[in-house]
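Can you keep this structure in mind? I'll have questions shortly.
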Amino acid sequence: MRGIVKKFPTVTALNGVDFRVRRGEIHALLGENGAGKTTLMRVLYGMYRPDAGEIFVEGRRVSINSPKEALRLGIGMVHQHFMLVDKLTVLENIVLSLEGIRIPFEEIRKRINEFSRMYGLKINLDAKIWELSVGEQQRVEILKTLFRDVKILILDEPTSVLTPLESEELFKSLKNMVQSGKSIILITHKLDEALRICDSITILRKGRIIASEIKRDEATKLDLVSMMVGKTLDFKPSRPEKAEGKIILEVDSIKVLDDRGNVAVKDVSFVLKEGEILGVAGIAGNGQRELVEALTGLRKIEKGSVKILGVDVTNAPVEKMISLGVAHIPEDRLRYGVALDLSVSDNMIMKLYQRKFSRKVFLDKIAVKKETEKLIQDFEIVTPSVDTPVGFLSGGNIQKLIVARELSMNPKILIASNPTSGLDIASTNYVHWVLHRLRTSGSSILLVSEDLDEILALSDRILVMREGKMVREFEGGASASDIGLAMTLKMVEPPHA
Amino acid sequence: MDIVASLLEEAVKAGTPLLLATLGEVYCERSGILNLGLDGIMTIGALAGFAATWATGSVWAGFLAAMAAGGIFSLIHAFTSISLGVNQTVSGLALTMLGTGISSLLGAKYVGLPLRNRLMPIRIPVLSEIPVLGGLFRHDLLVYMSMVLAIVLWYVLFKTRLGIIIRAVGEKPEAVDAAGVNVYLVRYLCVFLGGVLGGLGGAYVSLCYTPGWREDIMMGRGWIALALTIFSLWNPIGSLFGAFLFGSVEVLQFHLQEYGVPASLLGTLPYVATIMVLVVSSLGFMKKRLGAPAALGVPYRREG
Amino acid sequence: MMHARGLRVKLERRLATSKTTTILIRMLSIILSLPLIGVCFAFYGVSPLDAYIKIFSGGFGSAHGVSETIVKMLPIGLCAIGLALAYKARILNIGAEGQLIMGSIAATWVALYSDFPQNLTIPIMFLSGFIAGATWAFIPALLKTTLNVNEVIVTLMMNYVSLNILNYLVTGPWRGAAQWGFPQTDPFPSYARLPLLTGTRIHYHTLIILLALTFLFYVLIHSTTVGYEIKLVGSNPNAAMYAGVSVSKIILLVMVLSGGLAGIAGVGEVAGVQGRLMRGISPGHGYTAIIPAWLGGLDPLATLLASFFISGLMVGGDRIQVSLGLPASLVYLFNGMILIFFITGEFLTKYRVSIEMGGRRIWI
């Protein structure tokens, strides 16, 4: 792939990327969240059309306009989110992905069993997908691509859903495939994985190639991490002396499940002190979302406890959390944070409509309007009027509205989850400034973010979350590389000098 | 014994229009589209069938006309639900109202007209002489065809790639889209099939069951067919047995009226049973095995 | 995206629409449906203009016409107001018909088979009608909040269950003394009959209730916290959860209210119009009410207006049935067509169509 450029409305995902894979190798595409790895591979797989650049397969220049064409060229992809139908069997799912009307079921069975043996991908063809473990489901996805005789197999973060044992089995299968002449591209953020099984590593950061085709024995882990993570932002506000503030929030050994019933937060404990910003760094998918939802009352805490100023609020209803002064800037702002059809003022009072803006059962519409107008001014939210449906506002202004609303609660604790994702520079800086100001006024902030620069710029203390646990704690001035290491490695010992 | 025999025979006949309409709706819902306009489609089919038979003198022309009318009519719902992604409940209800209205408007001149050509029953040799069960083998061609159709549709739905595609579209259209199949086309075809079979079921009523045409000829059969779709757990074989069951209820109701037994209460059975089936299939552990198609009623829009 | 020889039509999702655009599109869609219905008339050999004039004058053109329209508007409007509330929370209650029937059954029981003091009969009828309708709606609501069972199907099925219960009662235990073989109960005693406005068939108690409730619901939606919560649940249930609203409570509330209102409508029909319970106590009022509930944009005042309008059409439709020999189910045709155009118009409020041809692009 040469000079690939891909632009989206809000961001340039790929900025002139060159990428090369050789036959018979396992090639890791390494990088942080948002580096552009998935985007690049989606271009290769025909799901995205590049704005510029060329693709050559086996020396021939090709144009890939759809996954179908990619498959015909021998390129297959196993996505992070499986495209499997739960109620159908394995065999049926594989048949679904084939072409043609007349399907010889018996032949398919035979071929799949062959693949199973060749590559060590054991599977029960007649089991329904919902009965399978995640690892087994992934095998089905892989088998689907193998069936199409792919020569280049792309795997997007395959081990993020697997247990260590399943990862081992996957690696064995991959090695088998490579031995028979296939090439594998492994999108991952896990450094040790890349070093273990990959022959070659390319590092992507913010849409550019930082280093390409590094051979396994050529670089040390530290080199790689610093390449992945890069330098920190220059915005580093001066911090007052770290005061020993009292403990506002106390989380003790909590366990939270994800939507599928698997454990997302294994055993997390930490404290949040008054007047501090506690950053939680980590690659997405390590339990942060479930943690935030548990702490805000949107998800059940299975074990452990959460206390605010000594009051036990484990599994308290959302209403109670709000009344105790817990504000929440949600990660998925369109899904949870606003009601698009309703007006700006309707959205502005979402948290306080009961407490502040109502007398008995009646809404004090005048007060609502006044407050909304004030907040629009204070936070410089661009909107034609207070009655405009929120859906008309730009993404940045919607986020400003959410921030304004949460802050107008005068919260004791603000839990902010990826508060600047998808925002332009101006809005991002604005949100950072607001958070900083909030902290100075004495509130506490739990900042959960995939953006390491953001964490480093704002946090007094930093926790690193990985695979459902807090694996390390850092002071505010820690180096990005140290944190990056903690995020990507399994080992917990401090790095050697 | 004779009573039982004749009851069975009538039950099969009563169940046939239900079966046809249900089979169509099963495919429709399996692909993810809820079509509440079934009653309207059946009514239009009944009228179209009668009108065509009256004009041409051929019952089969009537059936064909009914199928065409039902299919075309259902395309309206297909368009609003699939291409426009509008709320399927409201669209379906509108369709039923339209169907009832159009057919009563256009059918006024056919009220009370006798049907000269009818579909004659075929007696299958030997089998039709069996006591009691023999009644099953003395029906007209369409009854047998509908039973065969149920089996064929079951086979296609569960044993062929086409069936896999249809079921997948109703469960997780993104997966089918990713596999390169046109989700919209599949849904259009299934809705169309639902219309075709619904129209045919309606025509059976006006041409064979209670020959003739009048405004309320369907007597809510379309809604029973909707209930039957759920009751049969979206499985054509289930529809086959369920249609027979629901048909028996209809027949029993009719006969019991003479004896003063609360026939109407009997009539609540299909509906109550359907609600119970729906509830059970919504329970957590049942949902994955027997539940409704996951994407039923949800318009599909490709992301990005 | 669709291509056709240099013409590109693209659909873009609107995140929200302004009020003016919404109203414009709605009006347009209703107006556009009229010519199409006219075509149906023409097909039948009737001049569309003639038919329309007769329909409108029938429903609105005379004092008698208007009074008949109001009589029809009472049950339709009551159901519609209630349904509009449920739809605002995006709960698709299709069961107004059944809830109405249960209300009329309850009122019949009070009128004919209970022992309440005579002067309390009317208020007790209304109360029992409300409770009956509310209970009938509570069942599907509970199923939805506990098991997430689709309320559309359950309410629909329950309509037919209630219909059968009605049939059972009027042909069985409640069958009145020989009434030409037509299944119905005995007539209600006079103290159980709703008084009428002189010279009309308007049972004014129900009218007062309808107007009062319209006003109440208007205040509820626009000025109370509960109304706010209903709006929030309807717009984004996830955001409602996030804001601490009990989504289940809201669902139960709107269903109970809409069912109760339909029940009251049933009381009006049986105690005000018919004076007895019979088969066909409701010729589909509960279904017809869905249209003004949707047409009215889920705003009580607009819903009331739309109910008046639809009722007028129905009265007019009855008239031309006689004078032009057209079948009665004509009204269903109107309803269906208006609704189809309406929802297509709804589509335009959700999506923006951009048409690009030869380098130039226009938006709708």
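Per-chain residue numbering starts at 1, and chain names A, B and C are given in the order in which the chains are listed.
We take it that a residue touches a chain if its C-beta (ideal position, glycine included) is under 8 Å from a C-beta of that chain, and two chains touch if they have at least 3 such contacts.
Owing to the predicted nature of the structure, the values given are computational and were not obtained by experimental measurement.
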item	value
Graph class of chain-chain contacts, one of line, ring, star, complete, other	complete
Contact-richer chain pair (by C-beta pairs counted) among A-C and A-B	A-C
Most distant chain from chain B, judged by the mean position of its C-alpha atoms	A
Separation of mean Cα positions, chain C and chain B [Å, integer]	27
Euclidean distance of C-alpha centroids - chain A vs chain B, Å	47
Chain A to chain C touching residues, read off their complex	296-298, 317-319, 321-322, 328, 330, 335-342, 346, 349-351, 353-354, 358, 361-363, 365, 388-392
Residue numbers on chain C that touch chain B, as the complex places them	13, 40, 43-44, 92, 94, 143, 147-150, 152-154, 156-158, 160-161, 164-168, 171-172, 287, 290, 294, 325-337, 339-340, 343-344, 346-347, 350-351
Residue numbers on chain A that touch chain B, as the complex places them	66-68, 83-88, 92-93, 95-101, 103, 128, 130
Chain C residues within the chain A interface of the complex	14-18, 223-228, 231-232, 235-236, 238-244
Touching residues on chain B, where the partner in the complex is chain A	160-162, 164-165, 167-168, 171-172, 174-176, 178-180, 288-289, 294
